[in-house]
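Below: the structure, in structure tokens.
Labels A, B and C are assigned to the chains in the order they are written; within every chain, residues are numbered from 1.
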Amino acid sequence: MIYLCVASAAITVIAIAAAIVLTLSIESSEILAREGLSFVLSSRWSPSEEDYGFYGIALPLVSTLVVGALATAIALALSVAAVVYLHEYAPRQIREVISAASFAMAALPTVVFGMWGLSTVAPLVREAGLSSLCARGSPTGQSVFTAALVVGLMLTPYASSVVSAAYDAVPFTYIEALHSLGALGFERARVLLGMVKRSVAAAALLSFGRAVGETTIVALTIGSAFNLPLCPFEPAHTISSLIASQYGNAFLYPGLASALSAAALLLLAASAATTALGTRIAGAVVTGVVRHESEEH
Amino acid sequence: MRAPAVRTQELSVWYGQSQALHSVTITVPRGAVYAVLGPSGCGKSTLLRAINKLVLLREGARVEGLVEVLGVDIYRDSSAEGVLSRVSMVFQTPNPFPHLSIYDNVAIGPRLRGMAKGKELDDLVRWALEKAALWDEVKDRLKSPASSLSGGQQQRLCIARALATMPELLLMDEPTANLDPVNAAKIEELIKELSREVTIILVTHDAEQARRLASTGVLLFMGRVVSEGPISSILSRSYSSIIQSLVASARRQQAA
Amino acid sequence: MRARSIRRRLADLAVHLLTAASALAILGAAGHILLSALIEGLPVLLRGASFFLEPPGPPGGDVGGVSPSLAGTLVTVAIATLASTALGVPAGVMLSEARGSPLARVAERAVELIAESPSIVVGLVVFTLLVVPMRTPSALAAAVSLSVVALPYVAAQVRESLAAIPLVYREAAFSLGLPKWKTVFLLLIPMNARGVATAVLLGSMRALGETAPVLFTAGAAFQAFYGIDKPSSTLSLLVFFFAGTPYENWRKLAWGAVLLLAMLSTSLAFLTRRLSSGVRM
């Protein structure tokens, strides 16, 4: 009886996952049949009310990857640096403060980050004159850079917890060995980071997966423009911000719904692939540490 | 008269509330193999780590008293770091950095100190591996990761790593405890060889090993010095009977 | 040797400063976010009952309040918590206790997939499956969306905390001779009450914080709460839409909502931490 309960819950969960994949596949079949690969390769986005229109997501695709990569780089740089500071240099009290702050930050809804990005970071970018560095620089300060910066900050608590856990897991004897060799803080960090490089890679992949799927922050800070951002201070669209801003028109333009579903399917595939890879890698936390007892020659 | 390799006076170490060493006073003469003997938990490892300040890495560690290494008061003198760079350590469980190659493991100490580069570094690494009786076994695979070596080889690699910085004092924390007899014997050979050039402080729970290798030493029990001096006088009776009577008198004291 | 030693020390100092600066940057950003929320939002919140009970004022007019969106948030989060718990707890139990069985293995992948799905994708699917047939966005659709997003976290938490029950207690429980699933239900789960409570909290935290899943599904009815099967809104949607508006009073409301959301999430988070750190056996 209980088993039935539990099993049916499991089946329902499977059904939900299947529904997600199936719905998207069915909805996107139309546009993929019509456009095939040019859906991904073309930068032409022209909705039409009468006929089908043409939808190419090349531009948002590129921006998605750019924002993802940039945000991941920012998150990783900040995380690794913070972890090294906390483990090699920081006194105990500071460690606790930063740990609490990181925890609070991880709990904040993304819309809070988005609001902050819009009200603080975008004006900063605008006023620092960074927009004028670009040909089509954003007048509002909303840009690829702004989005990547805020998303990167949002990702930092999680990335640093992954790296920090791995760093903590390094057996104490290696720390003693490094001290006995007279290694200074940054010299120890170099060796220890080498031992946890798998976790750093995992953190990067997991962060990238989340960055690619992030909608709220990006929609508020990227400037929603069909643009190829050769320069980071220009506005653009990512796939997620595109979906977010265009869904309302789905009723007007017959082909749009299918296009958005196809875009969503792409997003799902990208996010799932990077996250799955990241979780696999994170399994082996510290590189090469083998516990062996008395062994033979 | 040169200063002794190590001299401690009234050395006490606490980990938080519990006291690991009580007023330990010892003298380690230069060029000797000095054994630190005692049952487990007697403070041998703590004493060793008090000598190269690794004890400070532990939570809530506190050190009182004097520790002089090669004539320098390492807890108060500002040139402590300089003198400690002439001290190396080998640990109980072999701990070569697993992701680094054999070569890089040996080279790490010299590299940090800028002791040698290029060809000179290659020669230094070779020298250290030869001294550690490992060269012949690894000379064709210096780039392989250290984790590919067996336990006994890894310990010899750690010895090479410790020797590469040309220390004057070598601290060894039960270096053969986790090895099989064949490898243990190899390492004991090594220690005898090395003792001609380096002062060695050897922590061991194996009285016979102390008799074989050491000239002088100290017997610790519950963080206190029981006896110090030539090995023959510390181990005038059988080791087990010494320990038995120590344990018995400790019990009597507790009951009282 | 000396010069090298000085260079090393300088390099160490440089790294020390650089990494400290990064940590400071993170701290500063987090602080600034919370501070901005406080400075901009507190005055709005302190207007008292009107913030919680009134709808937003007209554009450029009175500030008013966020009551319909607040109601929407409460309703959707409540439903989402219930639904994700009702599904997630048994699913988590299956994942932990029937590990290795074909059903559990497929379910494990399914949970992973849902967790890996960007929340906007979930919103889009619920939009297609629920909003389009119903011909209207609704609080119900939003709640369903949020339930799906929260589900994997609940299931994973339950699975982990069950798996963490030490072997000795498991053996004791099973040695009583009851059928397997009765043992799980009557003994292991109560042993693990904290883990389940944490899972529920996690589920509601997720539901509270998400915006993207409700974007297409809730609607944008900020002026009133019309009912569960009618267009509605949530606090996070209010922030999303009012954040960029040129109207001063609406932006103030957005900040008030931001502060409210921030306070709710951080309290839930600390509660979760308290609970899970107390899971000692």
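Note that in this section contacts are C-beta pairs under 8 Å (C-beta built on N, C-alpha and C of every residue); 3 or more make two chains touch, one makes a residue touch a chain.
Bear in mind the structure is a predicted one, so any value in this text is a computation, not a measurement.
Novice: Report back the single chain whose CA centre is most distant from the CA centre of chain A.
Specialist: B
Novice: Which of the chain pairs holds the record for C-beta pairs in contact?
Specialist: Summing C-beta contacts for every pairing gives the maximum at A-C.
Novice: Using mean CA coordinates as chain centres, what's the gap between chain B and chain C in Å?
Specialist: Result: the chain centres lie 53 Å from each other.
Novice: Go ahead and note the Å separation of the Cα centroids belonging to chain A and chain B.
Specialist: 48
Novice: In whole angstrom, how far does the Cα centroid of chain A sit from the Cα centroid of chain C?
Specialist: For chain A versus chain C, the centre distance works out to 17 Å.
Novice: Spell out, as numbers or ranges, the residues of chain B touching 2 or more other chains.
Specialist: 112-113
Novice: For chain A, which residues are shared contacts with two or more other chains?
Specialist: Where chain A meets two or more other chains at a single residue, that happens at 187.
Novice: Send over the residues of chain C in touch with two or more other chains.
Specialist: Touching at least two other chains: 8.
Novice: Which residues of chain A touch chain B once you look at their complex with the stated criterion?
Specialist: 171, 173-177, 179-183, 187, 191, 194-195, 197, 287-290, 292-297
Novice: Can you list the chain A residues touching chain C in their complex?
Specialist: On the chain A side, the touching residues are 1-3, 5-14, 16-21, 23-24, 27, 77-78, 81-82, 84-86, 88-90, 94, 97-98, 101-116, 118-120, 153, 156, 160, 184-187, 189, 209, 212-216, 219-220, 240, 243-244, 247, 257, 260-261, 264, 267-268, 271-272, 275-276, 279.
Novice: Which residues of chain B touch chain A in their complex?
Specialist: 52, 54, 57, 81, 84-85, 87-89, 91, 93, 95, 97-100, 108-109, 112-113, 145, 147, 150-153, 158, 161-162, 165, 171, 178-180, 182-183
Novice: Please name which positions on chain C make contact with chain A in the complex.
Specialist: Within the complex, chain C touches chain A at residues 8-9, 11-12, 15-16, 18-23, 25-27, 29-34, 36-37, 40, 86-91, 93-95, 97-98, 103-104, 106-107, 109-122, 124-125, 127-129, 148, 151, 155, 180-182, 184-185, 205, 208-212, 215-216, 236, 239-240, 243-244, 254-255, 258, 261-262, 265-266, 268-270, 273.
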